[in-house]
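This structure is in structure tokens; I'll ask about it shortly.
Note that the chains take the letters A, B, C, D and E in the order they are written out, and that residue 1 is the start of every chain.
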Amino acid sequence: MSVPIIMFFACALLAVLGAVLLILAREPIHSALALVLVMMSLAVLYLLLGAPFVAAVQIIVYAGAIMVLFVFVIMLLNAGVEERTDFSKIAKWVGVPLGFFLLLVTAVYLLHSSIGTTIATGVGAANQAADTRELSQQLFRQYLFPFEATSILILIAILGALVLARKDE
Amino acid sequence: MMAALIALHSEQLMNLHRLAPEVVLCFFGILIMAVDPFIRASGKRVLGWMALIGALTALASVHILVHYPGTAYSNLIRVDSFSVFVHVIILVAAVLAILGSLDYLDREGIQRGEYYALVLFAVAGMGILAGANELVTAFIGLEMSSISSYVLVGFRRRALASNEASMKYFLLGSFATAFFLYGIAMVYGVTGTTRIDAVQSALEQIVAGQGRLPALAILGLALIFVGLGFKVVVAPFQVYAPDVYEGAPTPVTALLASAPKAATFALMLRIFYIAFGSAGNLWFWAIWVSAVLTMFIGNLAALVQTNVKRMLAYSSIAHAGYILVAFAAFSEAGAAAVLFYLAAYVLMKVGAFLVVAHAGQQGEKRLAIQDYAGLGSKQPLLAACFSLFLLSLLGLPATGGFLGKFFAFQAALEGRDRWLVLLVVIAAINSVIGAYYYLRVIVVMYFQAGSKDYTPSPVAPAVAVALFIAAAGTLYLGILPAPILNFAKAAAASLSLR
Amino acid sequence: MSAIPISWYLVLSAVLFGLGVVAFVFKRNVITIFMSIELMLNAVNLAFVAFARARGALDGLVFVFFVIVVAAAEAAVGLAIVIMLAQHRESLNVERVNLLKL
Amino acid sequence: MGTQSHLLTVITFLPLLSVAALLLLRSDDHVWIRRIALAASLAEFVVSLLLLPGFSAATAKYQFQEYHGWIGDAIHYHLGVDGISLFLVLLTTFLTPLAILCSWESIRENVKGFFIALLVIETAMIGVFVSLDLFLFFVFWELTLIPMYFMIGMWGHERRIYAAVKFILYTMFGSILMLVAILWLYGRAGTFDLPEIQGMLQSGQIAFSPRTEMLMFLAFFLAFAIKVPLFPLHTWLPDAHTEAPTAGSVILAGVMLKLGTYGILRFCLPLFPASAHRAAPTIAVLAIIGIVYGALVATVQHDLKRLVAYTSVSHLGFVVLGIFAFNTISIQGAIYQMLNHGVSTGALFLGVGMLYDRRHTHEIKEYGGLATPMPVLMSFFLFIALSSLALPPLNGFVGEFLILIGTFQNHHAWASWATSGAVLSAIYLLWAYQRVALGEVTVEKNKTLADASTRERVILATMALAIIFMGVASPLFTRRMEVSTNAMLEQMKDQMGAAQEASRPAALPCLSPAQRAAVIQTQAPGQPALATVPERQVAP
Amino acid sequence: MLLLDHLWIILALPLAGAAINGLFGKRWPQSAVNSAAVGSVSLAFLAAAETVREFCNLAPDQIPFVGNYFTWMVAGPFRVNFSLQVDQLTVVMLLTVTFVGMLIHIYSTGYMAHEGGYYRFFSYLNLFMFFMLTLVMAANLIVMFVGWEGVGLCSYLLIGFWFLKKSAADAGKKAFIVTRIGDLGFTVGILLVFAAFQSVDFGAIFKDVSQNPRSETLLTTICILLFTGAIGKSAQLPLYVWLPDAMEGPTPVSALIHAATMVTAGVYMVARMNPLFSRAPVAMLVVAIVGAVTAFYSATIGLVQTDIKKVLAYSTVSQLGYMFLACGVGAYAAGIFHLMTHAFFKGLLFLAAGSVIHAMGGEQDMFKIGGLAKKIPVTYWTMLIATLAIAGIPGFAGFFSKDEILEAAKSGPHANLALWLLGVAGAGLTSFYMFRLVFLTFFGKPRFDEHKVHVHESPKNMTVPLMILAFLSIFGGWFAAPKLIGGIDHFEKFLSPVFTAYAPQAAEAATASAESVASPGMALLSALTGIPVIVAVLGLLLAWWLYIKSPDTPKRMAQSLRGLYLLLLNKYYVDEIYAALIVRPLLWISTNVLWHVVDEGAIDGVVNGTARVARESGSQLRELQSGNERSYATWIVIGAVGFTVLLLVLLGGMR
């Protein structure tokens, strides 16, 4: 049992735990926090996978920005306890089980996938910076266009928020 | 560093002309946003005209694409007659939708700049979708169109239906997107690339090597189908469509029911025909099953609708089914048939919804089929146009709809698989079922007298123009389809499927 | 130092994705449903990174950025929609939002 | 044949042109709408008569051909007539003016729309008869539906909507499967051009397995059988007829039903001869059932128009029987009977319509003793009835007798059973006539009814003359059908291959050696049908 | 050769008359109508006469003389010309029809003088002449069929002439339909003829059949089928029912159509087709039996009828029976001979009866008449003559013809004693009911209120035809007179070419043998020759005793033999039986089974059923659209899982 493995299992457990909490929590705010937990543990896993930059973005943007937005909205609407109605029988009796079934199927196939067996190169402090430069190269040369497109996307998001969330005049 | 970036850009700018329509659209979108603050509430209509000009310019700029076939942005974007064809369809739909919106927004008191900007951005997204040669790029385009449509659907904020539709569309839409994305991840995992042509060759190698497709690839295929199937509204992912189409502002419905479908089908063609060409025998069945379900669900459920808008929503589901029939042929002819069908479909569907948009009157109150009683005598021309669109949707000869079906069935019957024959027969039977509810509207319009006290408002010029274009186009496609058909064939050929 | 098979990461992403799906179907509150989407996206990201690692390629990581951006955009619009919904309806329970049906 | 003739195009689209003219008129200017419609249809009739001098009875080839590329390289704008279709075109152009004339006063609201519908139907129906391209044919075939649908739905009577929808759905169901079959056929032949396909079939370039052929035959036949209508697919007909306005019924019974029988002759038999032969006994039985059944049900109707409608089921049964006897006499008889039925039943509907204009009911018990107030109208009515019950030397007899005698050559039993139709027709028509015309006037209103107006006399007299003329001058018609019919039968024989021939010797047409010779030399062996396509097409 | 080359003129004349009266007669005065109608028919008669004259100059090999006019039908090997022919048989019919027709036209000008629709009547009558002439002059079966159906039509029109009377309209319809039932057989017969001989021309058929023999079954079938037509047209068992009802028509019509001409068409046709019949013994036998039975059967009904015209009607049926008996036993000439004489005396009887009715102001019940002998002498005498003729009293026309028939039945080539007996019995009955008629009508005390009806003799234009016909009823039969004294029968001789030309050798041999062989049986037979006469006289006497001597006995007999009496009075209830067995069930089935159950129930049920199923499933399917976002999500998940499983497990073949 080496340190990375222990870390992996720890984070994995935390992530799954978070996900389960997200489901079980009746207070939206709790769910939100559970989700933050998931994201945090994922960030650690990214580090394990030797993608520190991604991990950073994960923390800053995701946990930092997006989740804050969530929490903010929850507070704004002071969304109370979730009422567990079950008008949709099909969701209760079919949807949830099938969800788990899907989980199972994908998990099994991913476990036995050929690439699954390849071993990730451990975290080398040396190639980190290079990693990031490479990354930026990729981003601005190879994937420049999507990158530019995302700017429009953001614009759209802003517009949408403006249109929808404003008070009725 | 900065300099490097600029250099990079200038080098990349060379590619922009291969994105001419998108660039134009985004430019106008931003322009509208920039101008918006300086125009007082009463004059917002101008922005609509600007948007129209934008769309038309984009349509014109498609010409540039024609002259610069090839790939752009390190092969993320592919410009070929296929994407040109789809661009044209989308932009025509956009133009018609905008024409239909001008007065609608006035009527509903929601004449705002954002609306048009969002429309343009959405269309730009679809444009990207049409030209995308790379899955993540496609994903971005998809999101551009989706997110702006979420907003557009909810644009009549005060109407409960509108914001409910917006919510449903948003939640389910992003749900489906997640599947799509996961699918992409799988593909990436298997092939190590997300470029469609690269995926194609990679998969072919694998198949050549191990004799069959790896499970992950198939898993990815299935998940991608979920994501795209949702966008093109095929069973069992069609559930959201009726609610959303009914709740959305009708011109938006018009756009939503037509353009994204076209764009997404284009992407689907690229992914299934090219990238997963080696898995044809697999996805064929997915398409087959889905097509049967889609047609039956769409038509049978439409039979019992009492609300024209919702009825048309179901009918658009059914039509997705017919398109799948052509899709299942998995041949150049099939692709051509899909494209031709889309062309015809866009015209008649947008036309039909624009009629509904007008006939709905203030607050979209008159949507029940019975409200159309006597329209034939009150507004003969409008009724005539509507009948034309309905008959075309029904598939009556001398209309685009008929030839769409015709080529679709033809392609399917020429296809490799014997089960296609059964599929075509099912489709045929379905189109008879469909006949019933389309004709019912005509019955009400012409054979039943309307209430004396109600006189509909006259058709606004802009709408009239839009309807005229749609009607003329429908007839043109029905009587002299040769040019468009050849165009579609060329487009299909440019897919160069092996 | 010892290594971890990529498949473990993939299985984890699968589990998270699946849980996300379950959550999406299970939850009733609009906001939490929306959160489950974010959960799924995270699962996808994990998969991307894992695959990227497996291949020693980088574009997987690039995709993660795009996904995050998209997630952000969706969040903005989505939450706006939620707010709009809250303005016109008292409950955030999706099961009570069924004006459009049949 | 290389030269293109445009006559058929003119004939086909002239009505559409006049529709354009009508559109220019103010819709409340009824007088001129009527006049122009009538003038147009008359002009149309005159123009269509130009076909006769140019038509050669000596060749089985399609004549007055026009041939242009249309969509892709498979779909062509290809028109042409032969002995089978020639007179059906004339029938159409002959009946339309009368239909217009009979709606002169009875149509009051939305006059413009009505006449437009009528003229559009005319174009569509002629198109069906003259198109030699399966695609083109199908287009016209479907186009006939909509105007008729409107005609029934808008200007019909009480249950018009039910009738209209029933009519159109019934027919569409049939035709859509035919579309599938057409496409499948194209999949094999690579063209929609009928002569080319026939040529390929004959030269064995394409061949079907018995099963496939049967399926395709059925797909085509279903569409046509519904149109005919063949028992038990007939139930749309009584409703449609009863609810349709007079002109609608006239066109429906007069021409539209023939689309079905024509289709059988033009497509089912030449394209799928083997299956046609295999299916013949079944179909013949259905036809005979139809003859008797239609007559019996007609006898007990209490709605005059419904009664006439059911007689169509009976009469068309004869036609189908004649066709599936595969005998040159019976088939010529069948074609001739199509024309006769068009005239006689059309005339019957006209008469019924004139009664309806006066009393606005079809209930027989509402009438009675009408011979006293309106002797002229009733005399015509009786005369038409007589033609319809095949009284020699009127037209009905000639057609029916040719069918019988031809059928009898191959199948004694079929013909013998069919003759019972003669008695039954006498029963229902004379009984109906008695209930309407004879005896004392029972209903007070009827005492004062006006006799036939000049307009009505013109209509009825035209019909009566046609009836007599066709009764005594049948050779003028049949001589022009002869060669085409024989050619078709010969071609079927060629195609059917030894197997079927062995199995059904009785089914071969009985031809005198002279005629065989005639047929052979008209049908150049090898690629006869291709020879009918303009040279430049044939040339590689 | 003036007219022989233009035979069509004979047809054209009455047709023209019909057309003229039909189109313009309405506005014309009666005189004009008369001249058109009577004129055209008289001209037709003259034309016929001229034709006959020219015919007599023809060489035997030119007979039959055929005139082709135009091709009427042609399709494939089937070809029909509109062609007319003249041979001896035609000549007889031609003269009879035109002459009697002319007389009856003249008579009608008087009889119908006070009727509405005068022009209509005459145009119908002329039209009838046209069709009747077509029938007798036809040179092929199809043209014959034209006349055949045409006369049927005219009889329909004329029976229903007083269409305001429901009974009249019904009778007309009945006549047309019942005869059409017979025509079914006739039609199929024609079809079979063509199938067998590839032609419908008499000449061709006869030559063919005489040269290359056909199987007897085939010929028998053909003949029986054709005979079915005759049964219908000539009112034989079992299709005679229409003729008595046909008396609803004006009396001249009954005289012309339902006595003299049309009803004899069947006999003419059988005679015309003799080459076929002669080769089908079985068919011959059938014809003979039907004829004989009908002759006796309808005579029995005639016994008790009270309506003067009904009596005549049944006697007509009976007399037609004799004619068929003749044909059946191979004595075609005798049959035609009786046809001619019958035309004279039965025509006369009807006209006279008409004159009686005219005199009585429409009264037809014999028991309400009586004692007219003095009041209307002409009518009385002429009618008496006709009665003597029909009763077969020696010297009168009927005697010769009927005697020949019975003779043939007794000792002809196809002799058959049973039939002969029936015939004789019928003869007895005939004379009985005929004299009953005469006695009831003209003798005894008037049984009507003489102040109400003032009896008057009919006008000249009615009485003159009576006298002419009376004359013929006496002398019309004398062609055959020489035979009595072992001489030759001129009539038979004249006709013989027609009946011997294509006669089968076998038959001739038979005749020969029949004559040569002289056995004791023959002697006995020849002894029987006088029997019919005796029987007839007995009938006369019985009638006299019952209706003159002791007029109340009939009633007592009716009482004692009530059952039999009612049976006869109600014509054996045949109409009722037909109605119960055929008409009503058919109507019931058509209405309740075919229309309501099959059409509306089954077929439309299926059609509408499918529609309902579609709608039903539609409203089920829309339940998917519960409006609940969670359900929607579930559907997407279902889809995702479904397709994953489909692709991976089912097709990907991985497990």
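The definition used in the following text is that a contact is a pair of C-beta atoms (placed from the backbone, for glycine too) under 8 Å apart; a residue touches a chain by one contact, two chains touch by 3 or more.
Not measured: the values here are computed from a predicted model.
Under the contact definition stated at the top, the chains bordering both subunit D and subunit E are B.
Most remote from subunit E, judged by the distance between CA-atom centroids, is A. Closest to the protein's overall CA centre, chain by chain, comes D.
Comparing the chain pairs B-D and C-E, the larger number of C-beta pairs in contact belongs to B-D.
Annotation: 71 Å between the Cα-based centres of subunit A and subunit D. Distance between chain centres (mean CA atoms), subunit B to subunit C: 26 Å.
Subunit A and subunit B, compared by their mean Cα positions, are separated by 31 Å.
Centroid to centroid, with C-alpha atoms defining each point, subunit A and subunit C lie 6 Å apart. For subunit B, residues touching at least two other chains, in rising order: 136, 140, 143, 147, 150-151, 154, 157-158, 166-168, 171, 175, 189, 215, 219, 242-243, 436.
Of all residues in subunit C, those touching 2 or more other chains are 10, 17, 20-21, 24-25, 28, 33-34, 50-51, 54-55, 59, 62, 66, 70, 73-74, 77, 81-82, 84, 94-95, 97-101, listed in ascending order.
Touching two or more other chains at once are residues 169 of subunit D.
Pairs of chains meeting the touch criterion are A-B, A-C, A-E, B-C, B-D, B-E, C-E, D-E.
Considering their complex, residues 167-168, 171-172, 175-176, 179, 212-213, 215, 218-219, 221-223, 225-226, 229-230, 235-237, 239-240, 242-243, 281-283, 285-286, 289-290, 296-297, 300-305, 433, 436 of subunit B touch subunit E.
Those residues of subunit A whose C-beta lies close enough to touch subunit B in the complex are 105-106, 109-110, 112-115, 140-146, 149-150, 152-153, 155-157, 159-160, 162-164, 168.
Within the complex formed with subunit B, the subunit E residues making contact are 611, 614-615, 617-619, 621-622, 624-625, 627, 629, 631-633, 635-636, 638-640, 642-644, 646-648, 650-654.
Per the touch definition, subunit A reaches subunit C in the complex via residues 2-5, 8, 12, 15-16, 19-20, 22-23, 25, 28, 31-32, 35, 38-39, 42, 45-46, 48-51, 53-54, 57-58, 61-62, 65-66, 69-70, 73-74, 76-77, 79, 82-88, 91, 95-96, 99-100, 102-104, 106-107, 110-113, 115-122, 131, 134-135, 138-139, 142-143, 146-147, 150, 153-154, 156-158, 160-161, 163-165, 167-168. Subunit A meets subunit E in the complex at residues 87-88, 90-91, 94-95, 98-99, 101-102, 105, 109.
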